[in-house]
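Once you scroll down, you'll see the structures, which are given as structure tokens.
Common to both upcoming complexes is subunit A, partnered first by subunit B, then by subunit C.
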Partner chain A sequence: MASGKVAVIRARPWAVASFLLPALLLLGALVVYPIGYSIWRSLFDASGDSFVGLDNFKELFTNDGIRTALKNNLIWIVVAPTVATALGLIFAVLTERIRWATAFKLIVFMPMAISMLAAGIIFRLVYEQNPDRGVANAVMTTVHDSFADSPAWPDAQPRPGGPVEAQDDGSYLLTSPAEVGSPAMLPLVAVPQPELADAAPAAVPQASGDQVTGTVWMDFTRGGGGTDGAVDPEEKGLSGITVQAVADGEVVAETTTAEDGTFALPAEADGAQVRLAGSDFQAPYNGAEWLGPSLITPAIIGSYVWMWAGFAMVLIAAGLAGVPRETLEAARVDGANEWQVFRRITIPLLAPVLAVVMVTLMINVLKIFDLVYVIAPTSTQDEANVLALQLYLSSFGTDSHQGVGSAIAVFLLVLVLPVMIINVRRLRRENQR
Partner chain B sequence: MTAPTKTAQLPDPARVPSSEAGGPPRPSVVSRLASFAAGGTVRVVLVVLAVVWLLPTAGLFASSFRDSRDIASTGWWEVLTDLDQLTWSNYDALLSNDNFTGSIWTSVVITVPSTFLVVVLGALAAYAFAWLDFPGRDWWFLVVVALLVVPVQVALIPVARLFNTLGIFETSLGVIIFHTAFGLPFAVFLLRNFFAEIPRELLEAARLDGAGELRLFTRVVLPLGGPAIAALAIFQFMWVWNDMLVALIFADSGSPPMTVALQQEMRQFGSNFDVLAPGAFLTMLIPLAIFFAFQRQFVSGVMAGAVK
Partner chain C sequence: MHGSGEVSRRRATRAALAVIAAGALTLTACGDEETGAASDVPATIELPDLSGEQLEVAAVWTGVERDNFVRVLDEFEARTGASVSYVPSGDNVSQFVGTKIEGGAPPDVVMVPQPGVLHEFAENGWIAPLGDSVQQQLDANYTPGWQDLGTHEGVRYGVYVKAANKSLVWYSATAFEYAGVEPPATWDDFVTTAWTLWESGTTPLSVAGGDGWTLTDWFENIYLSQAGPEMYDRLAAHEIPWTDPSVADALTALGEVFGEPRLLANGTNGSLQTLFPDSVTQTFINLTAPDAGMVFEADFVGAVITDSTDAVIGEDALVFPFPEVGGGEAPVVSAGDAAVAVSPDGEASEAQEALLTFLASTDAARIWAEPGGFVSPNKSLEFDAYPNDVQRGIAEALIDAGDDFRFDMSDQTPAAFGGTTGQGMWRGLQDFLRNPDDVRGAQEYLESQAADAYGD
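Let's look at the complex of A and B:
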């Protein structure tokens, strides 16, 4: 093979050996030998005694748990590098002409310095389900509640065996039809006392000759006493509830309860059924279940992007600094707008950098372990599973099968093989120059 | 695969041409107003993004100073309006816990030697690859470069067996050896490329003065390799300090490094943030200090070594 440089020193063999051997021996024993051993071991069963051919690799694609890991790894490899690179590109372009770009870059790059364990703990906090504690759901519920009304009385329920019955659609129906002149009484229970602190005392509705009147109230007297189904002195009215009169499945009249829980429907409601709309009793919006089975992988990918977008940004910014200003100016002089300049000149010139970033992140994502192991709670670890985690569990878990563990290791090695070959080829080209 | 880029540093803001300095054609008032408005939008977007990026870490930091009852009942942002919640009690409890303080020491015992060994063994080999003549030199270097992307996962089972035979499984020594071996391909690759740039005349002059191989290495190559060695040392230090997987398998689970000690503290749904938050923050202290003190070396190390 052609040598890149003529060596300056023709050293004595023992000198060369003492420079090289420590490193080469370690590499041989801890990196090269394990590759061979893993390949060999992957062909044997759990105990390592009997040869099973490619059965362990078949297991990779047939075992449900490992297939989830494979599927998740595929999602990871496609989504995480793409999102991180896209964000990095956007950040790099946005900060190009900003005075305090360095401060911004420091902030975005900072997560690269911390361990994935620490990042995992950080995001466990972010993803807490309760919007009072987790910042992600706190933001989501705040945004949601400022665009949608929150339910008035999420906890209110009909008294079991009382005149009101809960329907399948969540609404509450008064079983006996409404009549003009005879007030409809709709007692509800189970509203927590603190929520009633500001409520007005419930009023008994006046019978009216041309209206259907009624009261919706909290039929519970603190400290006992009071009569079920009757408005007792200390009981509070439930305001803001939508009351509908339903005849033959159609809403014929609708109104809302007043402060003291009373309402009045027009005469059309006579003989119809009185219904309280279900939307007033739904559980309040609590944000997303980040650590639940369906969102766990996207949530963990989000934490990865938080860590690695800075890496993409800094590499791309370095590439951007190398784009010749004259080329851009020439295009602008020729009448290209900023978007065209970006799309037709900057991006093609950045393509090699973007490729390097993508490939680097893909290799990195392939081996993702800590974030998944730390963020996914035991209950959804199976749904969040990835190959490196499965390898750890298969090799060192309670129910270990080192044959399968080795097969996963060999599979990971095969996946990075193309990059290994590209690296070696590039080096040989450089050496021959 | 990234070459060790000397360009990959946070750009100096002074070097970025400011748009106001402008070229010869003076932009019209309208287009200047338009670009000012656009610049304003960009600034707002960047501030929002910076806040979003800081928020998770801020949450950890604030939580680490709240007692367990506050953490369980309300969000960390409550401290913004109620500074009385802040307390040192979590840190007091953690730092008087012998298991945890022991794990800080274990982290140091693992990280410092493996950083030192990677730098020394890597530099020796890199020097040989750059300047010594021996049969199969280029071929051996290709092998080292090929090993750059080998995932550590491939070695877990075989090395566990090997260490078991040697009696160093579940010891800090084993973790040190493992990290050294897996740090070497990158170390050799980075340093060889850097050493190869050393002017030949310098080495020849030293050679004529009668310097031997070792003397050439310690007096000429090592001092000139300073920047690359610093980047490598910082990168390797962070890598080992932040590692959890290797320590999880190869460290003594009775006296593990900080990452594993904290991992052992984790419970379902992390109900014990009064331990996890200050612990995680303490593990971040040294990496963050290094990051802010040696930004340039850190960035170039990460840029060159992210392939690992």
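Let's look at the complex of A and C:
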């Protein structure tokens, strides 16, 4: 056969050339020329006029922003394909055993039908900080709140410079010690007005001979005009707050405030310090800061996995269908348990498919751009940066330097090459089989 | 203007319903006056007969802004017989015009949002100097300050047709009523007001730290008032470094509110993720328990309020001018769009000339002002042309400032410094919001970025 090929080329070279020409022209114009030009362009400065040698590449490895992008790309290429493939494998193996397998696969695969841009916009909303808008934090706060009591007055705070001080543990301490006979006044502020609509007016308790009495109230008259530190006529009491008397670090007495904010502690509290328990004022749990500097890259990788796990699952499921049942049965007959079958038989047989999925995802991940561009808010774009995004920012921003842009493109090409070579080799080997 | 370009796009999508609603109202209210509205204005200028001429106008406006501008163009068509088409240019006007000129079919008139871009066009020889009839209108209707903004090396090229007042603080009437406070006139009062709002139970400030350009506007207002217009101009030209003590003073003043997470809606980290439209929405969406009491930005905040909340401007949403800082005059920071005649051979045609003349006239400004959402730098335009008190107040503040207003500093600096995400002023002030104690560090970062961008 080989000699036949050579014979044709020798006999009619023009025919061969004319068959190859259209493809060569297209390849040349659309692939070879752009690559060549990018390499050429990467050796010139911003304006493209003067030759700067490898300076643009030096910039690539010294510029902090680009180095973060490099580091993030590394995280991406290790984490994203691995997690997506692992999830795909789990889904594929599990769906083999369930009844509504097709429906389940369809649902998992569905995100693939959405464009990266749209997925980015969806996840931008999912990761919103405010639990009223972001689903991720809504779930986290709901779970958290069903295990923890919600505080009575989460917004109440002492006035800066006032008689009450916030402690490190979240509790509020009245700086002067309590005395029998003179009411302890604990003014708090910053409670939203609508929350006070049903509260009773605050009262000043009568001094009593054998009790420490006092009031916790919202020391702000709606519409202004009140006196700081005094119970004015329209000010509201804060009910249900745990009041503790603390002497030498020990709680000697404890009570809660009444509707009108008043409380009474037994005589042991005399001379002790009055403290309001921190659990009544804990700021509401707001979930994680998904779009903040530290979680932004994992968050975006999460959205990528959401999209691509379905792709991995479909390919792996196809590979799974080709695994000979007899081998599995034989293993089971020999006494292997399900885990051993999976670990020793299924996975080795699936290895080629898993490799294809991994390699495809790796190439895909190297050029990740849209998700990062859309999800990361500008204040954390630097922390989320990846090479493809940096390429775009360097080349087409208001402050463009296409030399550096081209250098990044060339570098990306170099990164993809080994993966491509592995892919091509594997394909060739398969063809030879 | 980077920012407001962004805004206009968002605005466009949200405004669709509002337009329909408003359209229906005007239709029922004034019947066939809709088409005749423009001719109610008596013509004050003579325009040549341009029958058969074709003009193409490009600007960043879309949606409602575009529709309002097209009303003005329609009037021009009616008076001259020329036919004018409108093309949206996208956010990057410079790139748009550049490619069009290379393609050999540039638009005839372009609205340029940054003085820097106007200089760039003039430098490239893409635009024609203004003719006598335009200059007449300019002299009659514009203060020298606005005229000079359209000047490159002593030659006038641009007519500022649309302005934005960037020295406004919008506030929730409910929040102010709960706290029993009045709009503050000085920065110290402003800080006290913020604390009083906090005590009353409303988080006082909504800061759109996710969008760097809003932070530059905060800084510019404080700096203009505290250091004065001369220093402002010198800093904009980078004649004084960002490490100057005056910058430290301005940042310290800004730190009085930015440094207190209690005063910021969603705290410091939340603010850094808040985008401009959300900063407005969270202030006005809940009218009984507002998430924030005040939000600072330009007149286009009004459009966001109308489009995405139920708040009524003038009742629930009110506005006060940015307070004076450190005993200086109250600042007036503005932005705007300049109309230029694109002509690679350096000569404007009769039709281009006529359109610019018309745009510089009070007639055009009046038609443009009627539907709202527009502020004209034209000083001859009577304030009763504006549709409501809030709009009128914004325009009055701008015109009353005379030549004491200053153009948005970040629009005057090289784009790498004043208009790019993740670097320059945007990034520097975001970092400052994240860590307001480090005034020195913020200054050094800004100076190093400025040195790169200005190429010293």
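The definition used in the following text is that the second predicted complex is superposed on the first by the 316 of 433 C-alpha atoms of A that agree within 3 Å, B and C clash if a C-alpha of one lies under 4 Å from a C-alpha of the other, contacts with A are read in each partner's own complex, and residues count from 1 in each chain.
In the analysis below, a contact is a pair of C-beta atoms (placed from the backbone, for glycine too) under 8 Å apart; a residue touches a chain by one contact, two chains touch by 3 or more.
All values reported here derive from a predicted model rather than from experimental measurement.
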Which of subunit B and subunit C A:410 touches, first, second, both or neither: first
Chain touching more of subunit A, residue-wise (subunit B, subunit C): B
First (subunit B), second (subunit C), both or neither touched by A:284: neither
Which superposed partner A:352 touches (first subunit B, second subunit C, both, neither): neither
Subunit B versus subunit C as contact partner of A:192, first or second or both or neither: second
Which superposed partner A:381 touches (first subunit B, second subunit C, both, neither): second
Touching partner for A:116 - first (subunit B), second (subunit C), both, neither: first
Partner chain(s) touched by A:424 [first = subunit B, second = subunit C, both, neither]: first
Which of subunit B and subunit C A:223 touches, first, second, both or neither: second
Residues of subunit A that lie at the interface with subunit B and also at the interface with subunit C: 291, 377-379
Complex interface listing, subunit B residues touching subunit A: 1-2, 5, 7-13, 16-19, 23, 39, 42-43, 45-46, 49-50, 53-57, 59-60, 63, 71-77, 121-122, 124-125, 127-128, 131-134, 137-162, 177-178, 180-182, 184-185, 188, 196, 200, 203-204, 207, 212-214, 216-217, 238, 241-245, 248-249, 259, 262-263, 266, 268-270, 273, 276-277, 279-281, 283-284, 287-288, 290-292, 295, 298-299, 302-303, 306-307
Residues of subunit C defined as touching subunit A within the complex: 92, 177-181, 196, 198-202, 209-212, 262, 266, 269-270, 272-273, 275, 288-289, 414-416, 419-423, 426-427, 430, 434, 453
Residues on subunit A engaged by subunit C in the complex (per definition of touch): 65, 129-130, 155, 157, 159, 189-196, 218-225, 289, 291-292, 377-382, 393, 397-399
Subunit B partner contacts - residues on subunit A that touch it in the complex: 1-5, 7-13, 15-16, 18-20, 22-24, 26-27, 29-35, 37-38, 41, 91, 94-118, 121-126, 132-135, 138, 291, 306, 311, 314-315, 317-318, 321-322, 325, 329, 356, 359-360, 363-364, 366-367, 369-370, 373-374, 377-379, 388, 391-392, 395-396, 402, 405-406, 408-410, 412-413, 416, 419-420, 422-424, 426-428, 431
